[in-house]
Amino acid sequence: MPFTDLPLVELERFRPDVREPADFDAFWAKTLSKSRAAGAGRGADLVPAETPITEVVVEDLTFPGFGGEPVKGWVVRPRRRPDDAPLPAVVEFNGYNGGRGIAGERTGWALAGNVHVFMDTRGQGSGWGTGGDTPDPHGGGPAAHGWMTRGIEDPRDHYYRRVYTDAALLVEHVRALPFVDAGRVSVTGGSQGGGIAIAAGALASAAAVLPDVAFLCAWEHGMQVATSDPFTELARYLAVHRDALETVLTTASYLDGVNFARRITAPALFSVALMDDVVPPSTTFAAYNALASEDHEIAVYPFNGHEGGQTRQWLRQVEFLRARGLAV
Amino acid sequence: MPFTDLPLVELERFRPDVREPADFDAFWAKTLSKSRAAGAGRGADLVPAETPITEVVVEDLTFPGFGGEPVKGWVVRPRRRPDDAPLPAVVEFNGYNGGRGIAGERTGWALAGNVHVFMDTRGQGSGWGTGGDTPDPHGGGPAAHGWMTRGIEDPRDHYYRRVYTDAALLVEHVRALPFVDAGRVSVTGGSQGGGIAIAAGALASAAAVLPDVAFLCAWEHGMQVATSDPFTELARYLAVHRDALETVLTTASYLDGVNFARRITAPALFSVALMDDVVPPSTTFAAYNALASEDHEIAVYPFNGHEGGQTRQWLRQVEFLRARGLAV
Amino acid sequence: MPFTDLPLVELERFRPDVREPADFDAFWAKTLSKSRAAGAGRGADLVPAETPITEVVVEDLTFPGFGGEPVKGWVVRPRRRPDDAPLPAVVEFNGYNGGRGIAGERTGWALAGNVHVFMDTRGQGSGWGTGGDTPDPHGGGPAAHGWMTRGIEDPRDHYYRRVYTDAALLVEHVRALPFVDAGRVSVTGGSQGGGIAIAAGALASAAAVLPDVAFLCAWEHGMQVATSDPFTELARYLAVHRDALETVLTTASYLDGVNFARRITAPALFSVALMDDVVPPSTTFAAYNALASEDHEIAVYPFNGHEGGQTRQWLRQVEFLRARGLAV
Amino acid sequence: MPFTDLPLVELERFRPDVREPADFDAFWAKTLSKSRAAGAGRGADLVPAETPITEVVVEDLTFPGFGGEPVKGWVVRPRRRPDDAPLPAVVEFNGYNGGRGIAGERTGWALAGNVHVFMDTRGQGSGWGTGGDTPDPHGGGPAAHGWMTRGIEDPRDHYYRRVYTDAALLVEHVRALPFVDAGRVSVTGGSQGGGIAIAAGALASAAAVLPDVAFLCAWEHGMQVATSDPFTELARYLAVHRDALETVLTTASYLDGVNFARRITAPALFSVALMDDVVPPSTTFAAYNALASEDHEIAVYPFNGHEGGQTRQWLRQVEFLRARGLAV
Amino acid sequence: MPFTDLPLVELERFRPDVREPADFDAFWAKTLSKSRAAGAGRGADLVPAETPITEVVVEDLTFPGFGGEPVKGWVVRPRRRPDDAPLPAVVEFNGYNGGRGIAGERTGWALAGNVHVFMDTRGQGSGWGTGGDTPDPHGGGPAAHGWMTRGIEDPRDHYYRRVYTDAALLVEHVRALPFVDAGRVSVTGGSQGGGIAIAAGALASAAAVLPDVAFLCAWEHGMQVATSDPFTELARYLAVHRDALETVLTTASYLDGVNFARRITAPALFSVALMDDVVPPSTTFAAYNALASEDHEIAVYPFNGHEGGQTRQWLRQVEFLRARGLAV
Amino acid sequence: MPFTDLPLVELERFRPDVREPADFDAFWAKTLSKSRAAGAGRGADLVPAETPITEVVVEDLTFPGFGGEPVKGWVVRPRRRPDDAPLPAVVEFNGYNGGRGIAGERTGWALAGNVHVFMDTRGQGSGWGTGGDTPDPHGGGPAAHGWMTRGIEDPRDHYYRRVYTDAALLVEHVRALPFVDAGRVSVTGGSQGGGIAIAAGALASAAAVLPDVAFLCAWEHGMQVATSDPFTELARYLAVHRDALETVLTTASYLDGVNFARRITAPALFSVALMDDVVPPSTTFAAYNALASEDHEIAVYPFNGHEGGQTRQWLRQVEFLRARGLAV
C-alpha cells in the first residue's frame, strides 16, 4: 500500500471549501433542546453487567438520546473505595457498523484509573465484532446501502443527526454521574467514532477531543476521492440520483466534521494514517486544520492504514490527558 | 466463470428442508387485511407521466401499499381506441436496490399490446439505474447493510413483509383498473423481483407467475452457499449475532419463496442461470421444485450469470402467456 | 470509486497533441468512394422483423457497408398514417463487443416519434447482450485480443476503418429511406458507439452528433492512462511489439476521434462521467474540446462510472434535438 | 462467504491419515531436556512493565526458551492482597506474525481474577499489531516467505520446533511462579496460537487446552485445500522444490497438531468457524477428532470466518475452566 | 491455491463423453490434402537468423501451412561437422497468444544435441513475450475476444483448423530437412502448444508426443468448469448466443484433443499440474486417458499451477526420448 | 495497466534525497576484507554439472561468500579449443526469491561466446522457478515476511549486507578463473538482480554494469509509493514498529542502490519499464541519475510492466558490451 493522499506537507495546509449553513448553530441548538425535552426526567440508567470480570466495575448503560429514545452503552470504571473522589471520564464512540459488543471488551481507560463510557451506535452493530443493542426507529426515503444516505434528502431526517444527538446528550448524562468529575469529561473514538467525537465534542463542549483517523469530515471532498465505503455510499447515491447534488451537499453541511471542528476550542489530539484507504487523510486534516483550539496536536502514522496508531496512540492519548489534568 | 452450483440433474431434484410456520397463512391473511383496511377508499392513482414518449401511454402510479402507505410505480399501455376491450396486464417487480427509474424505461409488454405495471420497491432505488421514489418509513434494530436483515428479529417487522404486501396489494389494485382485464393479471420480475413475484403470485393468486433467476428462496441454504450479496448479508449478521440463528430462521420462514411456491397453483414459467454467482441456482430450483402448479416450466441458461436470459427469456414469457390466453 | 482523471477544470481545457496525417481527408474520401462503388445498386433493405411488438414498426435492416459487404441493423419507427410526413432519424452505434441484439430491444427514439436505426458492429456481438449478426470477413496480422489492434500495422487494414465506413454509409442509406427526412439524420451511441458516432458524424455530415462517454478518442493518451480494456489492448500490443510505437501511432492517427471532431461543425451534445474507469474522461474531452461546432454542449456526470447518464442523458438528447428542430 | 469446507456432519468424523514418526516422543523429550539444560539456573524473570495501567499488575517477562535463548512475554494479574492464595493461570500464544505487543493489551483473564501469561513468538511480531521483541537467532536453507518452510529440510531445524519448545518451557516456568497454582495452568490461543497451545498442552501436560480456530494441524491435507497463507506457503515451496514432498511430510510429521492432540488427555475446548478461509475447518477437526481427552467440546461458529467466536468464545472458555475448578 | 479439480484418483479414470463426428478422419484428410496441394512445390525455407548466438545454428524458417499460406518459425541445431549423421528433431508449439519471439530464445533441445523447430502460431504473438510474425488472413462471424470462438459456426472456418494444419504440415516439412532423421521427429508444447502437439502428433504420426499441461481437450467439460480464459471464451460466447450450444459442440468435436488422442499410438509423455487454474487437469486427463498408445506416461505436479514442471519436466522429456532412441 | 509513476520527463531528472552515512565506504571495505579473510585459501570450485546439455560447458560453482560461507552458482561457457584466449565474462544475479535453478537454464551469454556466471541468492530460491541451493545461516529479530526487513535493526545484520558481499566476492573469484579475461568481467541482473548488480558493480569495480528494472534503489521513496512487495515489506514493518523509522532509514542507507550508483564509473546500461507495478520506475531512475559513469544509457520500455525488455534488452546488452570490447 502506498501513500493514499496528498504529500504530508500539503495535507498540513489542506483547507477545502466546506459550506456552512447560516442556521447551523440554530439547527443543532433546537435539535438538542427538543431531544433533551423528550428525555426529560430520565437520566443515565446503570445496572451491573453480566460478565466474568471482577477487577473493575462493568455496568450496563441506558440513556435517553435523540427524541428521548433509549440508547445503550457500557460503563467501565475502577472499583471504588469509600473516600474516592469523582474521576475523570472518557466517552468513546465506535467505528462504522460496530456495536457496543459484549460487556468488558474495552477496559483500557478504566484500568488506567478513569471512567470509560462506550456508546452503542443506534441501528449499527451487525457488521463486525460482537453486536449492538440499540434500534434506530426511523425509516426514510430511498438510500444506498449503509448509513451515509439515510435521510439524505433533509438534514432533519438524516441518520447522523440522531447519532450526533445521542452522543452529545451522552456527554451531558455522563457529567451527571455521581462518580464522575463533570469538568473532566473527554470524547474519543476511531473512524466513524472519531467523527462522532468531533461532533459531540463541539455540541457538548467536551473537556478534550481525541479523534483517531476521523471519518465524517469534508464530505464533498471525501466522496470525490475515497476509494471505498462508507464515503463511496454518497457517490453511489449520486450516481443514481444524478440531480441531487445540491440536496446532498446541503444536508451534509449540517453534519460535516469540519463545521464542528470550527467550533471546538478544547484541547484536541487527532491522529491520521497516510496509507489509510478507507478515510482519505485529507478529509481528517480538513477538520484538524479547521479547529478553533489553540492546544492541538496530530499524530501522523505514515505507514499505517485505517488501523492507525492502535495502542501506541492510546498511550499518547493517556499522556495528553494526564498532562492537562484531564485523566488520572 | 464455471458452473456455480450442483449439476443440473441434481438441481432438478433439489428439495431442501425449508421450515414452514404453522401460522404462515394466518400471518399473511392478517397482514393483508390490515393493510387493505389502512388503504381503504384509496385506489391506484394515475396521472400522465412527464416523458417525451408519445406512441404508448405512460402514467405515473401511486397506490396504498403496506399500512396504506403510498407506493409509486409506472403504468405503460397501448394507446386506446374507443372500442378497446380491457387488456391483460403484467405486473413487474425490480431487482435489488433498483428503483422504478424514469418514466418509459420499460416498454416491452406495452409494445406487445398489454398493460405493464412496474412497482417501485420501497426504500430502494439508490443502488443502480435512475432512481426510486418510495420511502420506507420504518426503522428498526441493528442490521447489516442492505435490506435482508432489517427487522430480522421479528417477521412482523421485517422489510420484506412490507414489500410483499405492497406487491400483493398492487396486483389487486391493477385488477380494478378500467382498462385491465381482471382475470388476466400476471406477475414477473428478475432476481429480487422474481422473489417478490413469487410472493405476490401466491398472496394475490396471480393469473401466471414468471420469475427470472429468482432470489429470496431457500434462505437457510442460500446463506450457507452464496458467495455474494444479498444472501451474504444474512451470514454477516449471524457472524456478529452468533446466537441469533433460530430467530433468523424463524423470521425467514415467513418470507421464504419456497413457502410461497408451495401455494402457487397458477401456470408458472421460471428461469435460472447455471453460472449465476449472485443467486445460487439451487435456491431458485428449491422454489421451482416446490410449486403446486401443474403447468410449470423452467428455462435453464447454462452459460449465463445473473443476467439470465434477458430478451430471449422475455420472448419466451410472451409466448407462454399468449399460449394460455393471458397476453395479447 | 473516486474521480478517475484530471480535475474538471483541467479536463475542460485538455487538448493533447494528437497527430493528424496530411492525407487524412484523402484517405477517407477514397475509402468511402470505393465502398460506395462496391455497394452500388444496393440500398438499405428492410423486411419486417420477427417480434411480438405491435405498437411500433420494427424492421430488419441489411445494407452494403465497407467493401459493399452486408451489414445488419434494426429500424424502429412509429406506425404511419396515410398522410405522414417523413420523420427525423437517429442512427445509433453500439458499445464494445455488443451486437444489434434481438429485434425491439431499443425503442425509445421511435416511441418519442422518430425513426431509430441501430447498426450491428461487424464481427462483434458476442461479449454481452443478445448477439450480433454481421461477420467481418477480414483477417490480419498478429493482434492482441479484442479489436483495437486488428490491422494495426496499416490504417488501410485496421478494423475501425471498416466499421467507420459502415457507419458513414449507413447514414447515407438512412437519408434515402422514404419515411426519413434526409436533412434531419443525427448520430448517437455510447462508449465505442460514441466514437463511431463522432467518425460517422464527420464523414457523413450528420445533422447532429450526440456521443456518450465516447471511446476511440486520443488514442496515444488513452493507452498511457487507461486502466482497463479496450484502451489497454494497445498497451498490451506494444508491450510485446516493443518497436512498433511509431507504426501504431501512425495507424491510430487515421482513426482518432479527435481528428474527426476537428471536422464536425454540426450541433453536438457530448456526455462524460468523471468516475469512468473504462474510458478516461480526458480522452473524451480531447475530442469535445477539438470540435469545430459552434453549437456544442457536454453533460458532465461527476459520480457516474462508464454507465454515464443513462435515461437522464437520453432525455437531454431528445430535448437537444427538439430544440433544434431535429426530432419530433 | 460460503461454507469453506466439508459439511459439518463430515467434519465431525474427519480423520485424515496423518503420519506419525516412530521416534516422535523421543524427539520431543530430547528436544525439551536439552533446552531445559541450556536454560538451567534461569527462571522466568519479571519486572514491572511501563504502562499507564494501575488496576491490575502488568509485568514484563523474560524466560529461557529453546536452547536457553531469551523469550519475552507479558504477565497480567490481579492486584494481590496479603493473604491471597496462588491463582490459576492461562498461558496464551499468538496468531501468525503477531507479537506480544504493548504491555496491557490483553487483560481479560486477569480482570476475571486469573493470572494471564502471553508469550512472544520468536522472530514474529512484524506483520500486524504493535510488535514483537524476541529474535530467532537461527538461519537456514532456502525457504518460501513466511515461517512454515524455514528449516523444512529437517525437523531438528524447523522453526516450529523452537516455538513449541519455547511454549512448553513457558508452561513449566509459569508453574514455578509464586503467585500461580501449579496444578491449574491451562493453555490457549487462536489460529497459530491454537496450534502452539495444542503442542504445548501435550508437551507440558497443561491442565486444560483451549485452542481457537487452530492452525498447524493436518499439514498434508491443509496444503492441498487451503486457499491462503500460511498453509499455502508449503504448496509454494513444493511448487519449486518439486521432489521434496517426502522431506516436507517427514518434517511436518514431527510438528503436526494431530500428533500432539493424540497425546492430550486433559479437558479440551476447541472452536472452529465454518466460513474460515484461512484455516480450513477440516484441519482443526482433524486434531479435535484425534484428542485422547475424554472431556472435550468444540464450539462451532457456522457463519464466522477466521475471527471465530471472539469474546463470545472467551466467555465460554471462562465458563469451561470455572466449571472444572481451573479458573476463578 | 488449493487443488483445482477432482482428486487424483478420480482424474486417473476420468473419461467424459466427448462426441466424435463420423467424418472426423475424412474432414482432416481432406483438409490436409488441400493444403498440401496449395503449398506444393514449396518446402521449408531456411535463412540464417539475425542473432548474436554463435555456438549453435539458428535459422529463420518459412513454410507453407494451411491453404499454402506462409508460416514462420525458428530452427536451432548443433553446429555440424562434415560427417554428421542426420539428427532427431523436436517440433514445439507455443502457448496461447505467444509468438515465435526473437531468434535464439529456446535453445535447450539443440544444446542437448537435437534439431529444434519452433512454430509461430498464426495471428497470435501479441499477448506476451517478444512477438509473432505470422498473419492469419481469415476473418469471420461474431466472436468473443480471443481465438476459441473464431469461426465457431462451422468447423471448416474455425481458427484451430488452420493452426492444426500448419502444425501437421510443419512436421512433414521437418522430416524433409537434410539434417533431420525423418523417422525421429517428435512434437511437444505447453498449454495451447500441448493441444496443438496432440493434434499434430495424431495428424502427422509423430514419433513421440510430449504435451505439457495440454489445453484444447474436452471442450464441453472445460467450458463448464474452467475459471479463466481461454476456455471461458466459449462460455462467454454461449452466454450471448444462447441457442448456439449444438453448433458449438459440433464444431468443437472436430477440434477436441480427446479425439486426436484416440488416434495416437506413438509413445506419449504428458504432464499435468493439480493446482492449475487455467487448464483444468481433468481436461488434460481426458485426453491422456483416451490415448491409443501402449507406451504412455503422465508426470503429475501436485503443487504447481499452470507453469507445470518447467525445466524439471524438460529433463524428463529428454530422458523419455533418449530411452526410446528418439533423441541424442 | 497505465503508467505507474511520474511522467518520463520528470523521471529523467528525479533525484530524491537519499541519505548517505559518513562511514559508507569504511563499512563496506571492512565487510569485504573480513569476508575475504574468512574465505581465504578457497577459490571458486567448479565441477561438471549434471545436465543433458552437450554443446556448451555447464559447471556447478561453489565459492566462499560472506563470512566465507559456501555459495552456489552455475558457470556456462563455450566449448574450448586448445588455443582459446580467455573470454569476457558476465556475472548475473537473480530476481526476488528465485534460485539458481537447474543447470543449463540460462545459456544466452555463453551461446554468444562469453562466460556466464549465475549466482544463487542465499536463502532464496523457493518462490518461483526450479529452486535454490544456498542456505543463509543467520537468524535475527522480528521481521515482516520476505527479506527486506531481516536484520533491519542494524546494517551489520541485514540480509542484503550478506548478499551484496557474496556478489562482490563472486566477481573477484570469476576474475581468477583461468578461462576468464579478468579485465572484462561485467555484472547484470533483473529486478533484485539489478540491485545486486549495482552494488557488486560498485564494490568490485565491474567492467560494466547492466541492471534491468533494478530494485533496491531509493528505499525511502520506494516504501512510500510502491504498491506491491517487496518494497511494501518495509511499509508493513513500519506499520507495526511505528517508532522504527529512523532505524530503518539508517540501515537502508548502507544498502541503497543510489549510494552504490554514486560510486560507479564504469559504462552502465540500465533499463526501466513505465508500467512496472512492482519496482516504481522512479526508484530505478534515482539510481541511474546518480551514476558517476560518463558512459551511461537507459532503455525505456513505456508499455511494459516488470518484465521489462526481455530478450530485446538482452540484444541491446550484447551490443553495448561488444561496442566497448567487453564481450565477444
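Letters A, B, C, D, E and F mark the chains as written, and numbering starts fresh at 1 in each.
Here is the rule we use: a contact is a pair of C-beta atoms (placed from the backbone, for glycine too) under 8 Å apart; a residue touches a chain by one contact, two chains touch by 3 or more.
For clarity, every value in this text was computed on a predicted model and none was experimentally measured.
Fewest steps needed to get from chain B to chain F, stepping only to touching chains, is 2.
Chains that touch both chain D and chain F are the following: A, E.
Chain C and chain E touch with mostly matching residues; of the residue numbers seen at this interface, over half occur in both copies. Inter-chain spacing, taken between the CA centroids of chain A and chain F, is 51 Å. Distance between chain E and chain F, defined via averaged C-alpha coordinates, is recorded as 37 Å.
Multi-chain contact residues of chain C (touching two or more other chains): 129-130, 236, 239, 242, 312.
Under the stated contact rule, the graph of chain-to-chain touches falls outside the line, ring, star and complete shapes. Of all possible chain pairings, those that touch are A-B, A-C, A-D, A-F, B-C, B-D, B-E, C-E, C-F, D-E, D-F, E-F. Contact residues on chain A toward chain D in their complex (touch as defined above): 52-56, 78-79, 101-102, 104-105, 107-108, 110-113, 129-130, 310-312, 315, 318-319, 322. Put simply, chain C touches chain F in their complex at residues 223-227, 232, 235-236, 238-239, 242-243, 245.
Residue ranges of chain A in contact with chain B, taken from their complex: 97, 99, 123-146, 149, 236-237, 239-242. Partner chain B is touched in their complex by these residues of chain D: 1-3, 275, 301-305, 307, 309, 312.
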